[in-house]
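Order of writing sets the labels: A, B, C and D. Residues in every chain begin at 1.
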Amino acid sequence: LNSKARTTTVGVVRTDILDFTVGRDRQLDMALLNADCIGTAAHVTMLSRMPVKPSVFTAPQCAKVIRALGQIMIASARGRFAISLEDQDVHLALERQLTARLGALGRNVHTGRSRNDQVALDLRLFAKEQILAAIDEALNLADALIAQARRHLMTPMVGRTHMQPAMPSSVGLWATAHAESLVDDALLLKNAFELNDQCPLGSAASYGVPLPIDREMTAELLGFSRPIHNVLYANNARGKIETIILAAMGQVMLSLAKLAQDLMLYTMPEFNYFSIPKEFCTGSSIMPQKNNPDVLELVRAKAATVFAHEMAVAGIVRGLPSGYNRDLQETKGPFMDGIATTRGCLEVMSLLIQGMEVHAPQMRAAFSPAVFATDRALELAAKGMPFRDAYQHIKAHMDELAAMDPGDAVLRKTHWGATAGLDLDAMGKRLEATRRFAASERMRYHRAVTRLMNVQYPLHD
Amino acid sequence: LNSKARTTTVGVVRTDILDFTVGRDRQLDMALLNADCIGTAAHVTMLSRMPVKPSVFTAPQCAKVIRALGQIMIASARGRFAISLEDQDVHLALERQLTARLGALGRNVHTGRSRNDQVALDLRLFAKEQILAAIDEALNLADALIAQARRHLMTPMVGRTHMQPAMPSSVGLWATAHAESLVDDALLLKNAFELNDQCPLGSAASYGVPLPIDREMTAELLGFSRPIHNVLYANNARGKIETIILAAMGQVMLSLAKLAQDLMLYTMPEFNYFSIPKEFCTGSSIMPQKNNPDVLELVRAKAATVFAHEMAVAGIVRGLPSGYNRDLQETKGPFMDGIATTRGCLEVMSLLIQGMEVHAPQMRAAFSPAVFATDRALELAAKGMPFRDAYQHIKAHMDELAAMDPGDAVLRKTHWGATAGLDLDAMGKRLEATRRFAASERMRYHRAVTRLMNVQYPLHD
Amino acid sequence: LNSKARTTTVGVVRTDILDFTVGRDRQLDMALLNADCIGTAAHVTMLSRMPVKPSVFTAPQCAKVIRALGQIMIASARGRFAISLEDQDVHLALERQLTARLGALGRNVHTGRSRNDQVALDLRLFAKEQILAAIDEALNLADALIAQARRHLMTPMVGRTHMQPAMPSSVGLWATAHAESLVDDALLLKNAFELNDQCPLGSAASYGVPLPIDREMTAELLGFSRPIHNVLYANNARGKIETIILAAMGQVMLSLAKLAQDLMLYTMPEFNYFSIPKEFCTGSSIMPQKNNPDVLELVRAKAATVFAHEMAVAGIVRGLPSGYNRDLQETKGPFMDGIATTRGCLEVMSLLIQGMEVHAPQMRAAFSPAVFATDRALELAAKGMPFRDAYQHIKAHMDELAAMDPGDAVLRKTHWGATAGLDLDAMGKRLEATRRFAASERMRYHRAVTRLMNVQYPLHD
Amino acid sequence: LNSKARTTTVGVVRTDILDFTVGRDRQLDMALLNADCIGTAAHVTMLSRMPVKPSVFTAPQCAKVIRALGQIMIASARGRFAISLEDQDVHLALERQLTARLGALGRNVHTGRSRNDQVALDLRLFAKEQILAAIDEALNLADALIAQARRHLMTPMVGRTHMQPAMPSSVGLWATAHAESLVDDALLLKNAFELNDQCPLGSAASYGVPLPIDREMTAELLGFSRPIHNVLYANNARGKIETIILAAMGQVMLSLAKLAQDLMLYTMPEFNYFSIPKEFCTGSSIMPQKNNPDVLELVRAKAATVFAHEMAVAGIVRGLPSGYNRDLQETKGPFMDGIATTRGCLEVMSLLIQGMEVHAPQMRAAFSPAVFATDRALELAAKGMPFRDAYQHIKAHMDELAAMDPGDAVLRKTHWGATAGLDLDAMGKRLEATRRFAASERMRYHRAVTRLMNVQYPLHD
């Protein structure tokens, strides 16, 4: 806080203090500009139809405001929108721009709403698009894994528990295990989407307004399934919905971290089961021979980051009293960063899995007789020896244990979901169902915005 | 680790080391005994129908095992079941008990499954019942809040933002805001239930078995919607599903913490908006006058605990490679504690809300003219002054601001979800839909178990 | 909360509510009984010397109380002390016992103090002993690692970065790296000890008392370095000091987790650098051949648990207003569990490291020519080629790279702290300095208590 | 990851992948440029004195490099230094710049070190300055609180527990409680400083180098107390030291959050004990009357953020195997952000406390007779009634309890650390001791750098 800042003020507020309170908003809010314009369009449209005399906005005034909003969105897409320190945030920046373009019309758009209202709405609209994109990306990675599974369906691979060799497994089983995890994650993202798909607009400063605003109308104009009912809850849900979304993103990261950890193990030269393309590996500044799986390490690390973001948000809102509290602003950074991190990792892992190579001979060489011990015990059990006795028998004669052909062992596990019983069609169906959900929700939102703004959405500049 | 323990072993393992590895399992697993019996019954039933010669179990043998399992469940309900250090966990304790009762039949129940399998199943069955109970309890608290809302629907109460007086609100709005949060939480619990409602059985040691086991059959016998497909994912999902469930519990705790925080503020003598019954308050060992809202403070604190439990579980599993790792055992404590904590808080808060008293006069006395400033600005806006100008006008003349009648102010906010626009029927409908879901799922599970075990479930001793 | 409990009360408080508020205190507080007796002895001694008429306690009365306290400590050591639900906690249980034995004298020991006071003191005394024990245990493990280092000082081992082979290293370097981490941890524990070594007694209910109590005297009687000055801060520091101590324990766990992770990697059969004794490994219920490093996995997992405990405590206290809040009770569990977990892991890892075997041939076999690439580049650099050019040269000729003798490579790194430059004496000196600190602090405390209680401390029953 | 990026590479690495791996480094590393130059100067100086033939650097060559480093630092202070995507980080950027200016000399500075080495060193140097600054700022805030305490030393204020009125207290007690917390925090920062004050340089890629480098010399040139001994530990300590520092910062934030929470409560109009200057408060976009304590809310929230940063770092490094792993890069953001956040909060809270006003009449009006209950019970106890009886007596006659003069009550608590026994001199002495520590360490570092670089440090452009 430099001394010059201390001597200046914006209104009554000292510049240095304002800078502290504004924090990262001037950067982060840039990602909310579209949502803020769209939300404003819905609000003004609703105001123009509100049964009061005089109208807050006439229909032509409303059209004028929406036209200006569209222009601002396009300008912003071209890099011509900025939030000044005086603006503090995208909401006041937009009001200032509208006022500059439209005068009194601009000074009137805030009738019956508050910034809390707007930020709650903007974040929900932002989340809508982000979650749908993350669903696609998670399913793309699942697809890449399934493609690898198809390619190496029955390639034998030692299955491990406790990091130690355990039982015969296959590349098909390994790859689809990771894929199925992502398919579940996509469901979690869908659940988060549905919780998010409630419109908070009309909460104003958490307590509604003495005007006959129509919250169902704005919800519908914006393509939401319904408004949040209680206006105080509309605000109390800030931080809560962010935590829910980050928890779903966190699950994606758990899936990615496990996949990354497996790959880091199995690309060590002692294994060499898989190799990842050279163009994904970086070297060392001192060791000429190095070819490191940095991408995987970063994905593993970023899983911790995303959970820390969830904890930050949950920690911030836990124990806050009802109504807007400025603490909520501090949730914006971890929320947006957590989503961006997850999406970035999904995308890079998809590319990596597509380029990954499988080394069947190395995998086959890793089978020791011990890996077949359980299969042998189950052979005895199938012949009528109580399993515990069979187990003890094999354990007592480990030295005599004969190896089996790994390929045969893999083929002998035929039950549903095992190496020779994988049901890729069933997986594909679950995957496609969630993909269709995402596509249809995206369509619904784009249509609603296009209708509302009279501008093709998403914008193509 | 005392020196005596060091000199003894169980098998080859030193007693002190075994004690370290067993950890809290001997206590925690007691809550899984029923699930372990039920799962064993399903597994043995499936084995008895498996198309192999000789049968692993004949139908009469199967019936015998199931009868013994039922007896063990009843014995356990009467406090006559214990897990010894040698047993290590409920799974081996049960196998030992079955073997003691049934000899070779007991030594055969482990055919085609592993403990990892069992614990994964037991935790899903345990979670089924716990989540459904938590849904009920969350909705009970929502009901208690709605009942208070009905009683004091239009009682004016200062709405706050930034902990400072903001706008006219009502007890009805306040109480239903908290209720709606819980209704959303119940949905989250439902989502977690549905993710949990996939049967992991048949994964064995994560890699399936070379026997024609029927995983769809066991899933159905146990009342699951479907088996988890990939057997490796069935194990990899350990810790993941626990995190998902704890995240939903954490959301409940966020709702409770906010409610508790509001009540702590508003029961301070400076407010005295609410009072909680004396039988919920404890005194001080030194201060004779004290009457403290300990329950509320503990609920606020326990919200942090539940999130820490979620972090513990996520932290433990993040970055584990595929396949069972013993780390997973360490997730059991935070998982079970997190659920129990949440349920305990829900129950105690329901009682407290039922007994809470509302002091309308104190609430009314708290209205200062400033609380109506926004309403006044909106009056000007409704008459045609651009809102920003109206806002500036009121801001410049705060000293002249006349008070309004709080009751009138509350009545004037008629839009959906505002003080005079609360739609308790709509809330009730959402609430009841989730309640019906829980009831029907509970019925489905109880019926399945009763059919499988031929014992009325839940047991009534 | 069963219906019977609802109809009964303790005082005015309902039994079920009391049970909720008491939580785990009845169990956890058993570990605080000695501290509570010792603290009471100091408080009563001070009261007996307080310059007021009539004396709160005469010298003979004081002696009588202290005698009774000693008897209670001994009874407790024999398992004859219990905390009832009515007692709620150890403090009221002790007062009740004293009153039962001594009548009015017992009803007078609470003069000028509060339970908050007592629990703050008890936890600091408890922490004193725990931290000192943890220091010893951390240094014991460091010693065990150094002993292994001495035994295999120059045994070549491939050093890794990014989990990939990097440069020649040695068992000596590897083992002492872990040891040095623990030596730093012991310093952190020492720092936490010193922060903890401030006596909170005399804070009463956070605001002191209108009696001429002598806080320096009680601090000295109890062997503290000084009292906490501000009586409100004495209470505000609750949770804070616990977080500080848990953060130090967390650092120990970071050291252990890294050690455990290394061992899990290097005991995989693909490496087989180390083996851990069979009596530390448990088997599988299904796989006869298994021999799993469960201890290591649990240590890795428990590191996450201890950090979650730290987060729980920090989360609970963050944002609490000044003065005692009941939330603080909820910190007791994670605090005590976190310490016990850390100490248990230290002890088991010491045993494991002592029993660990090193397989030099396997380590030597793992050296590929690439591991020497950097050494080769530095040879060129030493001859005058700019390092970046040497690096590029080697990188371009990786295929021609000749291996070196690993033993020679290890011997050539002679600078301080490298494979051939390890200064075990310097390490030993740092280690011993901290060990002496712990011994002398333990002595100081035991002497103070022995003098105060007129009973040899620690008690030997 | 756009399609154009996919088709280009830097070396073999795809541009989009490189961008993913570089992450925030290009921004964050700008704060490390000075440290990187200083560390390079020390390394080159040591190389120039290393007893090898030919010299890696002659003395004149060394001087030339150092001159260039000084110029780069000055250029950077003027905004003329940038890190390109190809550079990836500050280390390669600096090497490139040196090579551009000095040719072969630049290509030689990396002899015997690695980037891991450099970043470990840079972060320690960065942390040195940051911790010392944070100590000063924490003590400045403590000073501001003590100044308020002096001004209102005996102003009566109701002391609270459980957020409820408890006992008579004073502004002096309240303010110095917060100050003492910060004085303890400054000690924690000092402890973290001392742990940090070990030089990692010479670790190279974690395994040392086959050159006779002198690690004591570089440590001394850089003003460190000593080198880290074990070169592998020098790298393993990455993340560990960051967690330690963040834990200390977290303690500062706990102190600030408590202070902020108290102020938020006591600035509510229902209390109005304190007011904070208007230039620290921001308004509402909809409510004309609003004057919100945003700064306090943000400080409360940021306490959660800093702990989440600590968890992120601990989570990332927990369970990593020995040696550098790229995961460590991901710790840089939370580490730097956590420090910057803490320092920003300290600074703004100092200003706020300086400007805070105390309203004695409102504080005095808040005293109800019940607040004196304990004082009354202790009066009876002082006259000889056993305290528990006195307590019960007062409890039974609460209605008859007479008020006392709050000023008298405050004066009657004369023991050390109570309202009338505050020892501001003792506090001041502890505070000054830590301040002197920080000043002398800063001096030591600046002198070392000035001597090494032959440029006055810190730079004044």
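We adopt the following convention: contacts are C-beta pairs under 8 Å (C-beta built on N, C-alpha and C of every residue); 3 or more make two chains touch, one makes a residue touch a chain.
The model shown is predicted, which means the values in this text are computed figures rather than measured ones.
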| item | value |
| --- | --- |
| Contact-richer chain pair [A-B vs B-D] | A-B |
| Distance-maximising chain from chain A - centres being C-alpha averages | C |
| Whole-Å separation of chain centres (CA-atom averages), chain B against chain C | 32 |
| Chain A and chain B, separation of their C-alpha mean positions in angstrom | 24 |
| Centroid distance [mean C-alpha coordinates] between chain D and chain B, Å | 38 |
| For chain C, residues contacting two or more additional chains | 110, 161-163, 166-167, 204-205, 265, 283-284, 286-287, 292, 294, 297, 300, 304, 307, 311, 315, 318-319, 325-326, 374, 391 |
| Parts of chain A lying in touch with chain B, wherever the complex brings them together | 52, 54, 56, 95, 99, 104-105, 107-112, 116, 159-163, 166-169, 173-174, 176-181, 184, 187-188, 191, 195, 202-216, 227-234, 236-237, 239-240, 243-244, 247, 250-251, 253-255, 257-258, 260-262, 265, 300, 303-304, 307, 311, 314-315, 317-326, 374-375, 378-379, 381-384, 386-389, 391, 409, 412-419, 421-423, 426-427 |
| Touch list for chain A against partner chain C, complex | 161-167, 264-265, 268-271, 283-284, 286-294, 297, 311, 315, 318-319, 366, 368, 370-371, 373-374, 377, 391-392, 394-395, 398, 401 |
| Touch list for chain C against partner chain B, complex | 1, 6, 9, 11-14, 16-18, 20-21, 23, 88, 91-92, 110, 113-115, 204-205, 278-287, 292, 294-295, 297-298, 300-302, 304-305, 307-309, 311-312, 315-316, 325-331, 333-334, 344, 347-348, 351 |
